[in-house]
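Below, chain A partners chain B and then partners chain C, in two separate complexes.
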Partner chain A sequence: MPHVVTDNCQRCRFTDCVTHCPVQCFHADDERVYIDPEVCIDCSACVPICPVHAIYDSLDLPDAYAHELVINAQRSHLLPVISAHLPPLSTAESRRAELGL
Partner chain B sequence: MNIDMASPDQGGCHVAVVGSGPSGFYAAEALLQAIPGVHVDMFEALPVPYGLVRSGVAPDHPKLKEVMAVFERIASADNFRLLANVRVGADVTVDELREFYHAVIFACGAQSDKALGVQGEALPGSHTATEFVGWYNGHPAYTDHTFDLSHDTAVIVGQGNVAADVCRILMTPVDSLRNTDIADHALEALARSRVKHVHMVGRRGPAQASFSPRELRELTGIAGCTVTADAHECVLGPSCREEIEARTNLNARKNVELFASFASAGTPMAVRTIHFRFGWSPAVIHGPEKVRRITLQHNRLSGPPFAQFAQPDEVTCGIDCGLVLRSIGYRGVAIPGLPFDPDQGTLPHDRGRVIGEHGPVAGAYVTGWLKRGPSGIIGTNRADSIETVATLIRDWPQLSERPRPGSAAARTLLTLRSVRVVGFNEWLAIDAAELERGRQLGRPRSKFSRVEQMLKLLG
Partner chain C sequence: MSTHTSESRVVRGACPQDCPDTCAFLYHVEDDKLVEVTGDPDHPMTRGGLCVKLKNFAEHHYNPDRLLHPMKRVGPKGSGHFQRISWDEALTEIKARWTGIIDQHGSQAIMPHGYLGHQGTLNGLTTGDAFFNRLGSTVAEKTYCESGSSTAWLMTVGPTGGLDVESLAFAKYIIVWGMNMTNTNLHAWPFVLEARKNGAKIVVIDPVRTRTAKQADWHIRIKPGTDGALALGMINVIIEEDLYDHDYVEQYTLGFDELKSRAAEFPAERVAAITGIPADDIRTLSREYAKCQPSAIRQGVAVERSPGGGDAIRAITILPALVGAWRHVGGGAVEMPIWEFPFNFAHMCRPDWIKPGTRVVNELDLGQALTGEMKLDPPIQSLFVYNSNPVSQAPAASKIVDGLMREDLFTVVSELFITDTARYADLLLPATMQAEQYDLMVTWGHLYFMLNQPAIEPPGECIANVDLFRRLAKTMGFDDEYWDLSDDEMLLRSYDWSSPKLEGITLDVLKERGYMRLNVGLPHERAPHAKGEFPTPSGKCEFKASAAAKGNFVAEVWRSGYEQMQSGAPVDAVPNYIASFESEHADPALAGRYPLNMVSPKPHAFLNTQYANEPVQQRRQGDQTILIHPVDAARRKIESGTSVRVSNDRGSFEGRAEVSEDVMEGLVMTNVGHWPSRNRTGTAVNSTTPDRHCNLGQAGTFSDNLVDVERV
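Here is the complex of A and B:
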């Protein structure tokens, strides 16, 4: 079972995860990133470095985020791979504050 | 972060990377992306690449090994060369490399272990986890090592992911291991193993164990094996509770929950058991002629949250055992010709630029475990190597002031010294032969675990 990005990433997109991913499994749109479950090797390197705790090992995924499994799989297949760090979105810091993180 | 000029001269840009594990490959990747036309030569002491991905990652973690496909893709770049079976420091010196290349990135990892420093540590039956891991993964340096698996109890000192790997390999039914790329000699020895009980000993408490929760959880999934912990050893003091409540310490919180569930599971009835022990340090390993017993000294935690240390008290206990494996951390090894920090076991550096007593060592860079110490996982090295290469790029105007010969000079010298250099395509031939040997045995791969076998195959 792969790792999953949740909507804490929405309007943040810090992409520290991208630099730490050994296999380039992250894809992004203008709002957030997604993990390609077929490429992720379950190493968990991205989990602790996400500033907004958006990423879960699917074994630890709260039920409220179960739908993200499908969202990550579908969106990642439609979007380009992100292999290098991107500047966070302009809304990132306000979103982080909103999340209380 | 691309730089515009390909080369200040006609000879091209030449960078050497020493070591072919994750940090080396991610350094190569970052170099190839940042410097158009750069020639990257990767040196590796063994005839086979990939460092700890080949000889460290546990054989029952095939998914993690899929990262090898990423390394293969990096290696397929036109300007990438593997020079394997070349020992830097013996076949070619550091000074020679610094002369031949505009820059040299040292990505040699942490190749030695920390010692316990207790009486009996050198007895037969007392080993480092490095030896055991290298042995079951077919690393040629450990192929002829032997481990006494005839006693029913083994003690593992240390509570990190390597300790968990070692424990899993000892406890997993051998028929399951047959479906992995574990070394043939290890499979044979483990088939005869009588080890049924493993004690995993940590000097501090459950909140300080450094397992990743995924590795810890895996131990609960071994067929016929029960995981236990003593409830009273799992009680957290106020400082530990503060630690696990920190947002940055989610792994510890999950670990503590898992340990508590082991403690409440009751007395094990299973044939095989894994028993977590917290707050104990090895005091003496008893012989006389080989390991028979280990005495543990009890500790209490002192100090503020996140800086708690183990303070020994008067309590001791003993465990009869035939095998003690210590997995309490790794250290880098000094490289002749470069500065070294003996306390950290790393090369002193500033964002990857090697720093000596009198300032930066021209053209020398470091990444991976040799840079930051033995922490983090495969992906951590990608971020680390990106940082080192960014530093190298900032220095590029000085580094590229004069032309360097690169591969041509290195290869000429190695030929003169009769070194049999193994290239990436030759590794692919070894790889294919290992897969074919595996196929014939009904296994995913059967590794060559001797350098002679590998070289003989290549002719």
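Here is the complex of A and C:
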């Protein structure tokens, strides 16, 4: 039962999560990050750190995001590991404002 | 009309669990209620993260099932029917029963059973030792975990802290040998990842493709119980190909010629046949390990859980000296840095109170001891259980249950919950949880003293173990000064505070800061054996062990400080490969009936059985799951999700199959920790495990377990 990154990360990609993850389970593309469910150890260190509340324990995942379980598993396996903080996307602040966070 | 002002506090603490990480806690308290427990981000090793097991640690303190008052049994043994009584009534009953038993059978008819359900100096492994030594009970040998490794380590390199896990960041080659670090040593893993960032290769040796193995650069699958053959095979390649550090071997090791002869018995092809690892991989691993300096080995407890586990750990522990890895910061082997802490076991355990000739019974033999299978005179008439849950955690569990059902056995259990063992008690005593008690934690995975300060009041009539044994001592009429010492006075006597390792460290400073690192060198400069200086009889790393002359032994920490009545069974001075008892080779008839080898490592969401009664952790861990290889599954018409029974002559349990290539053909895996009573059959994996011992330190052989699996 891993953790899951959701749509809130889209156009933000703050990657604060990456610096708090003890196992390097985050992978990224040009738009957002994904968690590899085979590597995540459910510690939740990333959850309170995310500025846009994009990460959920799968046990607490709202139904509306259920599809993200598959997206995280598939995309993380195709993309490189992110082991260090990346600069947020240029749209990050506007997206955060849009989310009201 | 009253007004109410909310009051918030943060109190420093430390994790109580039997885990190498001992995380620094911050207890968040509001209006005297523990609302959250977080990691302290400033701690250099644990760095603010906790783990999945501790997710709802604050809520766990308020679990409605907690045992809050002394209780006495009112139904048949094992029925779980108890009635509240007062502490006075409980203590009076204990005194009456024990006095009667002592008068009739002698004090050795009483046996304690404790382990590391708590890891504190006051309330942990040794918390009951002084009391039971004073009482004159049987001495319980507590070898659930690490004892085989301890004996092997002491025989080879002596009581050294060895490689600091934080120094792993400076290694260029890291072998994680028999440990699922991201599950059971999580906070050391970032140092491994840091090393990888700097170019290190990470190799995981494990029969199972664990979460840790999946992250390795190279996962080497090994048949359980064959680690000794692999280590000797590596030694052979390294010597044969002249990859060893001649100067280091010459100056700082003992017994090279004997080791060379022994290792020559293990050419790569033979080792391949034993371990299942291709011979070329064995050669490659040996060459890379020898040449990529500094090389490091993180050795796991799993290696000891087979008949030859002790010698396997000795052979593994020899490797860093052979290649000169100890010369470097980041080189060497990690076992238990606990040996750096200047304990005063003479105070903690009071072995001076043990009457000469007092017998020792190993806790893993509990079923034999209670049922009479082990001939004991006097027989065990009373069992006192604390910090442990043998019905779930000890091998041959069905035999233990048979013993606990004895009408003439007086069983007292101090617990947090009515566990599978507590169900069989005649008396239950309520114990405190970590946020409710004070203790200086014993850490066996890093080099920090960690102080846990109470954040909230204990609920009901729960008391800390240290108080429990003070009360019992007073009840039994012991008038020694020992039982009047305050917690701080106990702590001051439990360590040698004048040791240079503790310079600048005091309880007062710890109360302010929560933790302090021992003065044993910082991670970026520590190389404790760059110039030998091994605390062994020869001062060298002993390939040929001087300590072998006295035969097999258990380190004093695991047996109440008692030095007498050791096993003394013959030990080869140079480590050898000792095969499993339960294999096709050793016992073809047994393997014919039970063709699958089962290993039972620690669970992901529980800490042994702790937290396995929390619904959120149960959801996370899932049902008792049996991993089985597709070929073995197909033969038995088993698919993922099929209900299966795992059995052998010792017992059986049931679970849900998961067909997976994460296990090798012929191997099945399930986790220990699910409460047997919560499984459909009332049993779990330890109903099938053997009550035998590995060749050193009386460790268990939990991984030497042939079973069969069938559809239910």
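Here, the second predicted complex is superposed on the first by the 101 of 101 C-alpha atoms of A that agree within 3 Å, B and C clash if a C-alpha of one lies under 4 Å from a C-alpha of the other, contacts with A are read in each partner's own complex, and residues count from 1 in each chain.
Assume a contact is a pair of C-beta atoms (placed from the backbone, for glycine too) under 8 Å apart; a residue touches a chain by one contact, two chains touch by 3 or more.
On a predicted model such as this, the values are computed, not experimentally measured, just so you know.
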Chain C versus chain B on the shared chain A, clash or fit after superposition: clash
Per-residue touch tally on chain A - higher for chain B or for chain C: B
Partner chain in contact with A:H53 - chain B first, chain C second, else both or neither: first
Chain B versus chain C as contact partner of A:D42, first or second or both or neither: both
Which superposed partner A:P22 touches (first chain B, second chain C, both, neither): both
Stretch of chain C penetrating chain B in the combined three-chain arrangement, among 613-621, 631-639 or 649-657: 613-621
Doubly contacted chain A residues - partners chain C and chain B: 20, 22-24, 41-45, 59
Residue ranges of chain A in contact with chain C within the complex: 1, 20, 22-24, 38-39, 41-45, 59, 83
Of all residues in chain A, those that touch chain B in their complex: 16, 19-24, 41-49, 53, 57, 59-60, 84-85, 101
Interfacial residue positions of chain C with respect to chain A in the complex: 47-52, 55, 182-183, 186-187, 189-190, 193, 197, 211, 214-215, 604-605, 616, 619-620, 622
Touch list for chain B against partner chain A, complex: 22, 26, 33, 63-64, 66-67, 69-70, 212-214, 217, 247-248, 250-251, 254, 376-383, 386
